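Two complexes come next, and they have one chain in common, chain A, joined by chain B in the first and chain C in the second.
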Partner chain A sequence: MEKVQVRICMGTTCFVMGAAQYEGIEEELPEDVQSCVEILGSPCLNLCKDQNFGKAPFVMMNGKPLAGLNRSDLIGLIIRTARGLEE
Partner chain B sequence: MECQNIATRIRREVLIRTAKALFAENMEDVIDRIPIEMMPKTAENLRCCIYKDRAVVKYRTMAALGVDVQDEEDELKTLASYATEARQREKPEGPALTVLDIACSGCTKAQYRITDTCRGCLARPCMVNCPRNCIRMENGRAKIDTENCINCGKCRDVCPYNAVTRMPVPCEEACPVDAITKDENGKERIDFEKCIHCGRCMRACPFGAVMERSQIVDVIRRLKGADKMVAMVAPAISGQFPGQISQIAGALKKLGFDTVIEVAAGADITAAHETAEFLERMEEGKKLLTTSCCPAYIESVRKHIPELAPFVSDTRTPMHYTAKMMKEKYPGIVTVFIGPCVAKRVEAMRDEYTDYVLTFEELGALFVAADIEVAVCDDAETEQGASREGRNFAVTGGVADAVKTAAGEDVEIKPLIISGLNRQAIGKLRLCAAGKFDANLVEVMACEGGCVAGAGVLGAVKYATKAVHDHADKSLPIPHVDPHKHG
Partner chain C sequence: MKTEKELFIEVEHAQLNHDGQSVCGDCFKSCKLGGQQRMISVLSDGLGSGVKASILSTMTATMALKFMSTDSEIVRSAAIMMEALPVCAVRKISYATFTIIDTGPSGRTRIIEMDNPAFILMRDGKRVEIPHEEMAAPGWEKRKLHIYELNMKPEDRLIVFSDGISQAGMGTPGLPLGWRREGCAEVIHDALTHAPDMSARALARRVLHEALMRQPEHKAIDDMTCGVVYFRHARQALVLTGPPFAAERDQEYAQMVADCDGHIAICGGTTANIIGRELGREIKTSLRGGGGGLPPVSKMQGVELVTEGILTLTQTASILESDTIPAKRNAAVELAEMLRESDHVRFVVGTRINEAHQDPTLPVDLEIRRNIVKRIAKALEKRYLKQVDLEYI
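This part shows the complex of A and B:
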């Protein structure tokens, strides 16, 4: 099975608007999920341009941009995606 | 602060947009648009209507400009004129916090209430156990007579349905020194005779009605000017931005600072002085020494625990020593302390060597506004390194550890660590002054966990703590102090 690709934007805007809080989320994933997820930091994904600061932080999950998630929302979404409960 | 709520996100967005406007050539044209851009017609309103949302954003922008919102005289005064005025001030002054009346929801006085979970049961333990007999039955449900209720909470403890709930006033509960209370209109007011600037009310308010008066205007003005500038970064900076300190230093230089120094270097001086002082006081037969580097703690002693004052160390803070070092090395340099702390602003106003204070949150806003990607910045040199212990000052227990290491193993040190200056801690400190604890070195940090958990942080405390330790572990231990060489 292909791994769920999670790219966390480490651009300054995203970091300031909340990505700093994503640090260490992989440790909080259940074991079955950990093995089928690949979480990586990414240089600025350029999603914050056009004055979209308020929507940051941005995350790409399997190529789909997600905006403004807090830590627990992101963890929940990763778990559901990995278990095939979410597209 | 952990960015897990909308109030924090809005505050950060205001800081970013304000900084962007201040960097722009046409500040006057863009700054008054901030409320409209943040709360466009199409947005879902957060309060009663979009117009109130925009009004609150205007007041937030005023606080970001360093204005005391309470001083407002003319509601039609534009942000552009506030910003123009702010650019003309020489130095920030006055209290560092301001309450936004229009954002304050005027919470009802803290009280117990019976919710609709009440079944109007036969046992009625709430009625039976109320010491003031102020619960009666009305329409098959218990009701509290709020006039006579003394808020003891017995009814909540005994209800088998968990039907009793306590409605707090979050800012008042968070304040350890009763400095924030309601005025005659039910809005909160800070009494600055009592306030210790710990920033707890600001974090606690669910409406984001308490804001810091930022100094970003002052710092941006000086960055645009010709004077040399030094960024003095607090030890808590590790983990607050992507990358190592060398990269953050690179980003700071890109922003316009001429040089960067770790305040941990000043922490080494603080630790050495404090150790010498500790040894001297123990020799004199004094019972204890308390640390002096947390400014909110120092304010709390001055204003609320005067009996502890004789035991507080006379040693100055790492910020002071760092700024002094820089002003002596580069005469005329503008010193900017960058840290996690609200109370440091007040300390800096009294310190002859520190010119301005920014929080990590505000520095982040400046980076965003200036389009600086910290993660891809080149490494830059800092003025000098620091010891392992100096770098660990940012974490609870760090200062006591530094004194312990500097004093050496032969000295008997019995530390008492206070991590978080809440009401209980203040009580504990009173007992300390009365000699009720078997401790001779008392370390106090107003934020739970130390400076890494300050009001102006961006990173999660757990990981920021780890980043501080990782950075500290790269350096050598602090040297031993010979008490007879220090004054």
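This part shows the complex of A and C:
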């Protein structure tokens, strides 16, 4: 099965808007989920340049931009995606 | 890129106050004249410790720099300096020692010492003694001036220190007379044998640390200062930050990284992406190890430091301006260290504005990139005597 790709933006805007709170989320994922998720940082996802994608902080999951999630929402979404409950 | 290696005079010092005092009674000051052409440094040790000693040594060092930079006659200048100092109410004398090091671009150097421990010259890993001439100002016959003339060669180091360093450990069982100049020279010799290209800053800190380790309870019972003048091939650093105003110049911008053979820092997520894209180099960004309110550093092949932009630069400017290094290592500490270890820093600032930074709902103020870089450049030039080039793209 292909891993769920999570890319977290560590650019200035995302960082001041809350990306700092995503640090260490990997450890909070259940074991079955951890093995099928790849979480990486990105210097900048280039999503803050226009207003099309909503508010920072931005995360890219399987190529889909996600905006303004707090830590627990992001964790919940990763778990649901990894277990195939979410597109 | 220059084919012929440029020579640079690196001057740094490390200092510790007499235990319990809030100011240092030693003073170390330097100034650069005519761009990088001439460097004058002075170490002065004021009588006693605390504020009074600090006033004496600061006055002496300031006057000495002024006299030297205006090429005044030294014996006469020394007399004026001694006469100008306030007289200590307890000891009824006015007194501060000094060592002046005046180095020109070709390496021609004049050193004038009054009552400080004699400087140490390290050349090719060995200590070299230089003969001196003795002089005294009329009326001040006991205050002998030792005058040395020498030609500094590339990779030579001059090390000066106050007696707080040379007398370290005095009275302890192993060192009844202290560590002395000999002990200090041995530590310098060992340090340079292990690290022949050790920077002036690292060496000054090492000497201070070793001296303190010899003190009972590792406490300074006198003001301790070590200054190092290192005449060497310039260490280049290149800092790129911000996307170029015109995207057509992205390739040219990235090529600067490929062409640079010195230290390289890239500060900014978009900047890193542009350079990675143009040079076909992958960027790995960690989610850990940020610290101190900054995002973590990233990795790119051939680049020592890849950081976030504005926040990191702002904190770097504060570190350099205040000369206080936060206890926790983060991207700004690493950048500040890299800049201080370099002699010639070239900043290339991309001026395209990131509109998202102008959003008034952001929880913090984000400074304009070129203003922060100017702050860093100013601190490097004025405070650390670096040579700085600033370009916009």
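One rule holds for everything that comes next: the second predicted complex is superposed on the first by the 83 of 87 C-alpha atoms of A that agree within 3 Å, B and C clash if a C-alpha of one lies under 4 Å from a C-alpha of the other, contacts with A are read in each partner's own complex, and residues count from 1 in each chain.
Note that in this section a contact is a pair of C-beta atoms (placed from the backbone, for glycine too) under 8 Å apart; a residue touches a chain by one contact, two chains touch by 3 or more.
The structure presented is a predicted model; accordingly, all values stated were derived computationally and were not measured.
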item	value
Contacts of A:Phe58 with chain B and chain C, given as first, second, both or neither	neither
Contacts of A:Arg71 with chain B and chain C, given as first, second, both or neither	first
Partner chain in contact with A:Met17 - chain B first, chain C second, else both or neither	both
A:Ile39 touches, of chain B and chain C: first, second, both or neither?	second
Overlap of chain C and chain B interfaces on chain A (superposed complexes)	10-13, 15-17, 20, 23-24, 41, 43-44
Interface residues, chain C side, partner chain A - complex	268-270, 272-273, 283-288, 290, 293-296, 298, 306, 308-311, 354-357, 359, 362-364, 366
For the chain A and chain B complex, residues of the former touching the latter	10-13, 15-18, 20-21, 23-24, 41, 43-44, 51, 53-54, 68, 70-72
Residue ranges of chain B in contact with chain A within the complex	2-4, 9-10, 12-13, 16-17, 37-38, 239-242, 361, 364-365, 367-368, 372-376, 458-460, 462-463
Chain C-touching residues of chain A, taken from the complex the two chains share	8-13, 15-17, 19-20, 22-26, 39-44, 46, 48-50, 56
